[in-house]
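Chain nomenclature is as follows: A, B, C and D, assigned in order of appearance, with residue numbering initiated at 1 for each chain independently.
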């Protein structure tokens, strides 16, 4: 079965961030991996567009209960009706996640990925410092161009893959 | 986008019931509809097998948090980690549902489908009588061979389709 | 710890049904049990009112994400944000359930209670017939005046209590 | 209705951290606020103990589906059966949250609180830096002795309160 790569990022469009997401989505599609995301706009839509245009398949786990909320590049849409709690399901459905940008929803997904032992690749995302002053090292920093390659390598060596 | 048909039924294998499920799954696959189910064994596995063998695609929404719990004919598995509450998500993801047999989990899904206004086709399933003695007419009874045809017709005329 | 009794019923007011619910709520409060419900109007509000007026405590598990949706007799409100999936949580929180009336949401909760092995007391509620024509016997029929006494007896002998 | 204060922290016991949690729980109980948490051990148990011993009431939203998993100082236990997704419910149930320590589950709850606009008071917890290098200012840093006073002030001026 294909590796499932979660793409985490804001639903609000931002040209620079969306371009990053589309590049990452394209790489996921070319690699034959499945892209999992929250199914809405912004980073999610750009990543799905990239994946589908490069021949990939995308799974969108929506917060609402109406399938039509999905962006047009979602291949399979699941309207969870759970609100923000669907972020947990996005992480559960992925073998590895790529976090893009610095919004709160993304942070929640990074936290759930770290909690559940899934590898996290971060592209221009949060930096986290523990109370004792040490930096969290569970987020593997990457450029946009290497992110999917790193994610695939981490997923393959990880027990969740 | 393809019609999403939910197949509701027990995870425990029963030769007669599983044969019914496989026939229905085959018809879903041939029709080019997407089969949505709970992703486990019994009716779910038989329906997925029928769908995949006739060229279809299947979506399995699992109760646990491990994708490997899915039966081998699930094309896309979503480990919800919600336990029995995932039954609600199976119904939400479907435009119409086909209920097979008489187990409690199936009953809960029929109830959610009726509650949310999705059409329900029943094949050898529960009969429900209201407190005033009237029979519930929201379950459209069908033979195994007509079930998918009826489901597609109902989905097409229904606002949820 | 007090027995947790779930009260299942419609959110739409109906004078006769609400009077039944208030009587049952009063008996729960007098018995020193905790009343668990979905926290909204109709049967839920009437049952909570009865419980609180007889000295009891009520827990309302709301479908939305705003605590203020709770009826005014909910002692502790939990805004789950899960929509109808919160019905599963109402059942999980209860040792035994009392189902009142014949709406679809109530049916879903009865189904989850049967599925999870919790005793179900039914007052003017659904009757269920299996595909083989036999009547479901898991719903213990009761008059309004005996319902809570029966529920307490079932909860005490049940492993979930 | 009383202010609902969420206490977020690890389920693993640590003497220093648990002492902080117990002090904060005591202050919540003395203030007449309701303490909401995940209902398990470590920070959650210590905070509940402090609250109950100072006359307060505690609500525990458990990840599993068995009420007996709750620590002994939980007044009302709700077994959600949602796994880690219950973290979202803890935040939804609170007007304001106090985060203690630096574990991943705590981080996910802080993220959901920030996302949903609930004030966050942090005691020896995570520091978060955005991709542009700026520090996240949504976490109001506090000593253990001032945390509840600050939380109450923030809840009172906040639209969620």
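One rule holds in what follows: a residue touches a chain if its C-beta (ideal position, glycine included) is under 8 Å from a C-beta of that chain, and two chains touch if they have at least 3 such contacts.
Since we're looking at a predicted model, the values are computed, not measured.
Novice: Treat each pair of touching chains as one step and give the shortest count from chain A to chain C.
Specialist: 1
Novice: Per the definition at the top, count C-beta pairs in contact and tell me whether C-D or A-D has more.
Specialist: More C-beta contacts join the chains of A-D.
Novice: Between chain B and chain D, what is the gap in Å from one C-alpha centre to the other?
Specialist: Computed from C-alpha means, the inter-chain centre distance equals 40 Å.
Novice: Starting from the mean Cα coordinates of chain A and chain D, work out the distance between those two points in Å.
Specialist: Each chain's C-alpha centroid was found; their separation is 28 Å.
Novice: Considering chain D alone, which of its residues make contact with at least two other chains?
Specialist: 65, 81-85, 88-89, 116
Novice: Can you name the residues of chain B that touch chain A in the complex?
Specialist: Counting only chain B, the residues touching chain A are 1, 4, 34, 57, 59, 61, 65, 67, 76-81, 88-89, 92-93, 116.
Novice: Can you check the complex and tell me which residues of chain C touch chain A?
Specialist: Result: residues 65, 81-85 of chain C touch chain A.
Novice: Which of the residues in chain D come into contact with chain A in the complex?
Specialist: It comes out as residues 82-85, 87-89, 101-102, 104-105, 107-108, 110-112, 114-116, 124-132.
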